[in-house]
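Next up: some structures, all given as structure tokens.
Shared chain: chain A. Partners: chain B in the first complex, chain C in the second.
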Partner chain A sequence: MSNKAAKTKVKKKYNIPGYLFILPSVLFFLFYILYPIGFVGWSSLFSWSTLKNMTFVGTENYIRIFQDKVFLTTMRNSLFWIITTVPIQAGIGFFLAYIIEEQLRKGRGIFRTVFFLPVVTSVVVVAIVWGKMLQPYQGIITHYLSVLGIGGQVNILGMPGTAIFGCIIANIWEWTGWSMIMYVAGMSQISEDMKEAAKIDGATRWKEIIYIYFPSLASTHKSLLMLGIIGSLQTFGLIYTMTGGGPNHASEMPGTYIFQSGFTNQQMGYASALSVVILLFALVLTVFQVKGLGAGEFMRKEAD
Partner chain B sequence: MTAKEKRKQVIWSIVLIIITLIFMVPLIFMVSMSLRTPDTIGLPQLFISDVTFKNYANVLKQNPDLWKNFMGSVIVTVTSVALVTICASMAVFGFSRKNVHGKVLIYNILLCTLMVPIAGLVVPITQLNSRLGWINNYLGLIFPYAALGIPFAITILQGFMVGIPEELEEAAVIDGCGIIRLFLQIVCPLLKPGIVVIVIWQFLTSWNEFFLAMCTLTKDSVKTLPLIAQQYNGAYFSQPGTLFAALTLITIPMLVFYMIVQKQFVKGLTAGAVKG
Partner chain C sequence: MKLKKVASVLLALTMVVGLAACGSSSDGSSKGGDTKSSESKDSGTEKTKLTMWSWSPITRTCDKMIEAFEKENPDIEIEFTYYNYDPEYLSALSAAAASDNLPDIIGLQPGSLTAQYADYLMDYSSYAQDEWGESWKDNYPEMIADQIQMGNKSGDEGNYILPVEAQVISIVYNKNVFKKYNLDIPKTYDEFKAVCKTLNDNGVAPLFFGGANGWQCVNMFTMLCSQLDTTMFDKAQAGEIKWTDPSIVEAMSNFKLLFDDGIVQTGAMSADANTNGTPAFVSDSAAMMALGSWWCQEFTAEDPATTIADWDFGFFYLPAVGTAKNPATPVGGIDFGYGITKNCKNSDAAWKALKSFSAGAGIQACVDDVNNLPAFKGIEPKNDKLNKDLVEQYNSFSEDLNSAMNQRIGEPTIETALQNALAGVGSGELTPEQGCQAVQDAQDAL
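Moving on to the complex of A and B:
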């Protein structure tokens, strides 16, 4: 009984230094995440270009979003983006990580570094270089493709049907190294015992990959998927530099469309409404992931 | 090593070298373009025979302020990295303390913003910056970058914090170690592998951020390097050689930085439970 009393006494005490250590992060959160989110939600109910000149329009901006064909294009492009970049980056990244970590004895560091270099390269630089490579006549990609007899001198970034895929290829090149390094980290956590056991049981390389590596890396797959989805929502520099969202909005993504609406067309209210929709998507996904990963669990245990 | 194993190593190495060469084409192309004369610039080839360094001289001669932009990028990046590192490691230490009620709630709320896409916040943050008079001021980038980076950094560091045995801290307290010394001298060194990961990750994000920077920095002399690259893309439309020389110059510092720190980065990644 005395033990219990002591416990409640301790529980009531507040650990002031503990709170002070958390404070800076909370302040950043309040000023630069919570306040902007509140502001964008509020301002999405107005029609405005500057803060001095706002007219209340209620939900008009949101109604417009659901009738907007360009918004539909951004959603379709995001979907293309996710279903192409995520599996391809993960697939190549996994393959590279497997060879480098599990098959190679020498030169691991060199290969890991080389494949990560595109991640380190500025997205604008990536966009300009790929834009040049994809140019007809002067670009090397179309040139070598036509030498091989595949396609003529096509203007990949200039045609509505293909522009988005030109950007997707550049994105895959840039981010495959990130997937690789995440898989490298994941593979280092797989226990040697399990690999040994598989070898003793006479598992072939494919069986080993499918039954040992693939399931053991579940959390890596999941976080790459989440990062890929969020990445598609915030892609901006690549599209802005390579196609500007064109031709005729064909390669528009949420990020570029927000910029176009708010900063080019001066419809800040509409841009705010678009931002709210994007933020909601992100929030739903994050809650989903946080729940899936069971983050915060360890602290709940301690608090009991 | 048996002969069979040796052969396997050689085959895997060759496969990797081939993939590496294909993978490096864009970077090779960039450097190759920067070394060309106006006669060879339009040729759709990866390699050319005669090389000139005139393009680099042009860039440096025509843009004497380029170093200012470089310094701008350095200031924005280093300060935001420092803020993220300090705030996040303080926060995870705070979360590990007893009697901090409501910490699970705070942690979960911070976690919900783990993946806030910056695209969704550019409109309000730009408004906030203009009201504070921080257009063309690096603070208008440093604070938002820090705020958006902290949640991710906290999740990474939390993985390392959980691994620190409580007895160690208790022993330190019994030895008369105050809370600030406990944090600086006991906990921070133990968090080091995680700190390396977040420093490098935040460095990459801040150094390369483009969207918010474009809406916040309008004056040429304060622009960060990604904006400068974008600007040269228009300005040197008819001089691709000079453009690509500029791009190469912009890219090199980051490549060198990563090559220096990559060992620590991979070590940090593989040491901790990187869940997120």
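Moving on to the complex of A and C:
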């Protein structure tokens, strides 16, 4: 019996060293990703603030979410965030990359580094500096706006209508360098033959951008779109430091709202339910994107 | 090739071993901790170790506080970990509670934070009774004593937070600025408006308000409530009156006036009291701030600004605003306290520490640093290096604490709702009525 069992095992040819090699990442995935997701899902059915006082409430937390005005605000802000930051960052990043890679003769490295610096700067530093610049009282931006004659003291972060856009501006400043680097990488993949062929055919610089560069970078656009959407749903540090989600939830994003519900308001069950809803939302968006637009560069290896 | 194989096997092995080590490390360390404390009990020569986490008092004072205690109790050693309050401390507590790794002593705020961890905390009542007798709570001002059980579930008579420091909130003013523009402390609302107009005209922030900080909004609001009626704030919390009660709406409308009448600086709703306000205040470009007794501690900071070193600051209670007839009364509460967790193996030693921090050498060290007011009655600073005016102000705050109105909110959801409502009203997004309704809605949803 034991001999037979051993034989069948041998036949199946388990590649044990191979599995050993992926073991660390599998364990990491199970304990640090899958287990927390499962736990959050389970605990979202309870009303609790610490593990000792959990009471089962079923789907009550979920029902509350869809009656919650603040949740709608976070969804609206996420939408603003996606439709403003993704195209603007990509657009500016694209042209920076084009100018640095194709037009500059000298100092490419320096410019690449300079524009990439905000990405590697701590988000809290970015948020504090931008918060200070946008201060209506003694802030540098309002100072120059008033020098230009634009009325009084502009209170961007303190007004419910504009607070989120103040944060968006800072976010664009921070992440444009990232888009630029992605495009720089993409542009280096465009073959010289194509560019030369276009030149021989008499393409203007503008036409070259539209018909050669833009389509050739399709996978970069898609990667940036997907990363941008996921990133906007995860935004936390910038908002938390700049406005704390205020005034009166006006600049609240899913991340800050989950944090506030869980840690400040001590409603861990509700915060868990919010996390689950956001997770599902992100999953649906991602699946839709992968199906509809293709996966983008970073997941395409198998197809090649 | 062989070398490659050997190397890869070694690599895989180190990974697996590394993981195994990670997996068991938490068990190992906790076991280690246990044995240590039991050993120390047996031998008697080794010190009893207590672990303690808190965000308060600030490190320079905390070091002195712990040093003072350890000097009196050479057999006990405190291992202290300092956290920033939000979010570091709150999330550290939450994680430690979930994994049953809470330290022996934790810093607490009265009300919701204490209530949240009540299940993990030891009721210290019997210790307090043995120490100070049945009526031990008389050692603390009445309002402070009341806040000890503020967040308790109904029927729970346990005492979990032992008050350490307390505070009174008020308006702090910069005497240099007042002198420069020939201003007196305003007594009426008209005088207050006139003072602020002069300051605004001269490009100085009148009352620098950190509207982006929820605590600034709530502190201001409680002061405004105290001008109308010292009981309405607690009644609304207890559900005896609604948050939409005319008196609350009136206080909310007066809050709006601060913005409409130019009492606070332009754009106050996006300002941060600590990062924007304090620098302006100590450099004479803001005249007033809504702070409180804890402002005194600036004096003992290392390398203070010259305005601080000369102590060019004074305090007054908020003059009657809008429809109010009276200035604000003292408003305050427990700043922080400590509690002993059920994890604590040596509660006798932990109680000794708590007693020292609340009523003994520990709190004396804090008071000598004028960190914030002592919650325990009858403790005064004994530090010759302090400015005389400062000590006088400090002692008068301590005196006022005895008659102060409660500033604390027991339910965190209500606190957040009130902060948001005030931000909404301050920024003009909500009317005072709508703001009050939003708080009431939050109360109803509980």
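We adopt the following convention: the second predicted complex is superposed on the first by the 271 of 304 C-alpha atoms of A that agree within 3 Å, B and C clash if a C-alpha of one lies under 4 Å from a C-alpha of the other, contacts with A are read in each partner's own complex, and residues count from 1 in each chain.
As a convention for this text, a contact is a pair of C-beta atoms (placed from the backbone, for glycine too) under 8 Å apart; a residue touches a chain by one contact, two chains touch by 3 or more.
Just so we're clear, the structure is a prediction, and the values are computed from it rather than from any experiment.
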| item | value |
| --- | --- |
| Combined model on chain A where chain B meets chain C, clash or fit | clash |
| Which of chain B and chain C A:N155 touches, first, second, both or neither | second |
| First (chain B), second (chain C), both or neither touched by A:L96 | first |
| Partner chain in contact with A:Y62 - chain B first, chain C second, else both or neither | neither |
| First (chain B), second (chain C), both or neither touched by A:G246 | second |
| Touching partner for A:N53 - first (chain B), second (chain C), both, neither | second |
| Partner chain in contact with A:L134 - chain B first, chain C second, else both or neither | second |
| Chain B versus chain C, judged by how many residues of chain A each one touches | B |
| First (chain B), second (chain C), both or neither touched by A:Q267 | second |
| Partner chain(s) touched by A:F165 [first = chain B, second = chain C, both, neither] | neither |
| Residues of chain A contacting chain B in one complex and chain C in the other | 17, 20-21, 24, 51, 128, 132, 137-138, 142, 259, 263 |
| Chain A-touching residues of chain C, taken from the complex the two chains share | 8, 12, 15-16, 19, 86-87, 90-91, 94, 97-98, 112, 116-117, 119-120, 205, 208, 211-212, 214, 265-272, 275-276, 280, 285, 412-413, 416, 419-421, 423-424, 426-430 |
| For the chain B and chain A complex, residues of the former touching the latter | 8-9, 12-13, 15-16, 19-20, 23-27, 29-30, 33, 42-46, 83, 86-88, 90-91, 93-95, 97-101, 103-104, 106-125, 127-128, 131, 143-144, 146-148, 150-151, 154-155, 158, 162, 179, 183, 204, 207-208, 210-211, 215, 225-227, 229-230, 233, 240, 243-244, 247, 250-251, 254-255, 257-259, 262-263, 265-266, 269-270, 273-276 |
| For the chain A and chain C complex, residues of the former touching the latter | 17, 20-21, 23-24, 27, 49-53, 128, 131-132, 134-138, 142, 152-153, 155-160, 163, 243-244, 246-250, 259-260, 263-267 |
| Residue numbers on chain A that touch chain B, as the complex places them | 10-11, 13-15, 17-22, 24-26, 28-29, 31-33, 35-37, 39-40, 43, 51, 96, 99-100, 103-107, 109, 111-126, 128-130, 132-133, 137-140, 142-144, 173, 181-182, 184-186, 188-189, 219, 223, 226-227, 230, 233-237, 240-241, 254-255, 258-259, 262-263, 268, 271-272, 275-276, 278-279, 282-283, 285-287, 289-290, 293, 295-296, 298-300, 303 |
